[in-house]
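First up is the structure itself, then whatever we jot down about it.
We call the chains A, B, C and D, going by the order they appear; numbering starts again at 1 in every chain.
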Amino acid sequence: MKKQVDTIVGKAAILIIDVTKGSLLPPDKTPIPIFDAQTAVNNIKEVVDVARTVDIPIIFFQELHRREMVDFGRELDGVEDVHCLEGSEDVEFIDYLKPMDGEFSIGKRRYSCFFATDLNILLKGLKVETLIICGFLTDVCVHYTSADAHQHDYYVRIMHDCVRGSSPEAHQASLNAIKYLQTASETNSKEIIGLLEKMTVKA
Amino acid sequence: MKKQVDTIVGKAAILIIDVTKGSLLPPDKTPIPIFDAQTAVNNIKEVVDVARTVDIPIIFFQELHRREMVDFGRELDGVEDVHCLEGSEDVEFIDYLKPMDGEFSIGKRRYSCFFATDLNILLKGLKVETLIICGFLTDVCVHYTSADAHQHDYYVRIMHDCVRGSSPEAHQASLNAIKYLQTASETNSKEIIGLLEKMTVKA
Amino acid sequence: MKKQVDTIVGKAAILIIDVTKGSLLPPDKTPIPIFDAQTAVNNIKEVVDVARTVDIPIIFFQELHRREMVDFGRELDGVEDVHCLEGSEDVEFIDYLKPMDGEFSIGKRRYSCFFATDLNILLKGLKVETLIICGFLTDVCVHYTSADAHQHDYYVRIMHDCVRGSSPEAHQASLNAIKYLQTASETNSKEIIGLLEKMTVKA
Amino acid sequence: MKKQVDTIVGKAAILIIDVTKGSLLPPDKTPIPIFDAQTAVNNIKEVVDVARTVDIPIIFFQELHRREMVDFGRELDGVEDVHCLEGSEDVEFIDYLKPMDGEFSIGKRRYSCFFATDLNILLKGLKVETLIICGFLTDVCVHYTSADAHQHDYYVRIMHDCVRGSSPEAHQASLNAIKYLQTASETNSKEIIGLLEKMTVKA
């Protein structure tokens, strides 16, 4: 069986995971510090600027927990403390990187963007086969979303310069683990921008 | 919020993931080589011998793919070649480590033991809250089962000497990732055997 | 095996399904006419008034479809025409029957309140075992939510005077079908109000 | 938006739900009596005989419960008593209507064939869009499988002369409810045999 090597197979969508105001806070101001988050945000912004000129769905995700503190499950048994409360400034999208009209936004209670959300309904409705993934944290929400995308039969493509994790080591280990699942999963903002520039310009 | 530290919270079950004849094959005889698998198998056997004397559910998993080659999804796009075909010797349980009467067995088509299986039904029926996990591969089925268990609100405990992965580095990275989710996830066969010996002896 | 007969087993929650401004529109003004909806709304209001004085979770549901028309799936292949678009007045909660602070609200894309939503996460977090269900339509969202609740091991209780369907016949047939699943599922606003009045008054 | 009217859209599969030796037992010999089951079995057999000559997947389902009595959930709170125990004769396929080599078989713990099974994985792998459904009981497993199929975006087609329920009234009410979801859901063995006879003969 020949391995799939094209970066985009069928129709694609861009998934931007948990890129919010909280992502850019310094380590002492957030329960979930991310190393070098600003670099990833800048690269994501460049991709989104081009993506908005062509016909490709963009889906933004926010992790959100109810203020009544009833939906954390086991999420406070690990490294992360209380995080992503609805209504807090941390979960707001960044001013220059927020959903525009015709783009999609999905709130989630767990790490995987597929878990207890309508993502699969949306992707089927859009007839998407390839997920171009970026955001935070490489070793948590990006990794578990990728594993679920893989198990749901999607082509998974990670823009390595557009994801960052809890540490450089954890970030790299998760990228390796995703490549174990799909050899062609590694891509970057430059390659994706090149592919987007060849797509149909938006009417 | 105080972090949970007990190793076993509420009722526990032992999950033995993908420990089959294929797990012990040499690297040139299997599409999924595992480093040092025999050590883990020996440790799991010791735990199971004690577990069988007390009142704790034991659940065995096999990854199984239909011979018609219709259910691999994207599983052949990565490092693994065709694997775990139904009816092949590879997927058979090891003679000295197979389900006995009153123990449970679940086949799965994907890496996570929760994905498209009846595991959650079974665990709810058994009123289990803590999953004591062992088997293969640390960085694939064990990791993604643990992530799903975490997202499904179970307490996740990994016997580190009873899991092995595709490489020592990938194995360790996944154990670290699981500890990021639940700080108390690390345990081992000796600690679990000690806890089992304190449980009610089977009638 | 003895059949369960208590109306409330363990902790309960009240589920109010798709009771919105659109529910009360005359048949020629809505794609989903409901017979005698006002009667059900009045009865639900009486239950909610009492429920708000005691310690019981109240969960409101809205069916919502994205204006981009990408998430209807097969929902337009039947009797219903385009319905429940986000931002339309139809999907707004009724002024005298909307979630208050501390109550819960869940949007859904499909008929079952469990399908692609975080309902199960919320119910587990609240440790709820019994679902007291009301709203619309008996023969669609109420019926399929009840079937899923049943399959997810919840105790299902329907307040018969607080649900209405596409026709009296379809309404009654679904109530019968739910009673086939759980003999004790039939209840009404008066019985539930009586049980609520015995609960702990809210601090 | 034009309603879909073709009986088969894209690729189809035949789903045979819970047609086992137990289905044909007299009312006093089974916890789940079905009226007029033999008529449906005869009609299903005619469809299968033709289907086996052409290129269409056939998927058989069995409801199966573990003998340890741990996975019934709430299934004993209704009309049905203990049923479908693994290893009992009741759950065996009928001699003249059992899966052959190359056909598929799926065990399930709940009423919907989608609930906690690998059905969706299989259907995606087979690239199936239309489900031709038959079996028992119209008002339980057939109805809830159809509702889930609908919510998973499949085209649902019921062969009305190949399903039977707990009573003629309950059977008819469920067929009506499925037609509410998809107007084109009603078909029968004669129409399907006619369509099968136009398909590519198996190599």
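One rule holds for everything that comes next: a residue touches a chain if its C-beta (ideal position, glycine included) is under 8 Å from a C-beta of that chain, and two chains touch if they have at least 3 such contacts.
In this text, all values refer to a predicted model and were calculated from it rather than measured experimentally.
Colleague: Just tell me the minimum hop count from subunit A to subunit C, counting one hop per pair of touching chains.
Modeller: Minimum number of steps from subunit A to subunit C: 1.
Colleague: Using C-alpha centroids, which chain lies at the maximum separation from subunit C?
Modeller: Here the answer is chain B, farthest from subunit C.
Colleague: Distance between subunit A and subunit B based on Cα centroids, please, to the nearest Å.
Modeller: Once rounded, the distance between the two centres reads 28 Å.
Colleague: Can you check how far apart subunit B and subunit C are, centre to centre, with Cα atoms defining each centre and the answer in Å?
Modeller: From the centre of subunit B to the centre of subunit C is 39 Å.
Colleague: Nearest whole angstrom, what separates the Cα centre of subunit B from the Cα centre of subunit D?
Modeller: 33
Colleague: Which subunit C residues sit where two or more other chains touch them?
Modeller: Residues 73, 110, 121, 124-125, 153.
Colleague: Inside the complex, what are the residues of subunit D that reach subunit B?
Modeller: Touching subunit B: residues 66, 68, 70-73, 102, 104, 109-110, 116-118, 120-122, 124-126 of subunit D.
Colleague: Sort out for me which residues of subunit A touch subunit B in the complex.
Modeller: Residue positions touching the partner: 1, 3-4, 73-79, 81-82, 110-112, 115, 139-140, 143-144, 147, 150-156, 166, 169-170, 173-174, 176-177, 179-184.
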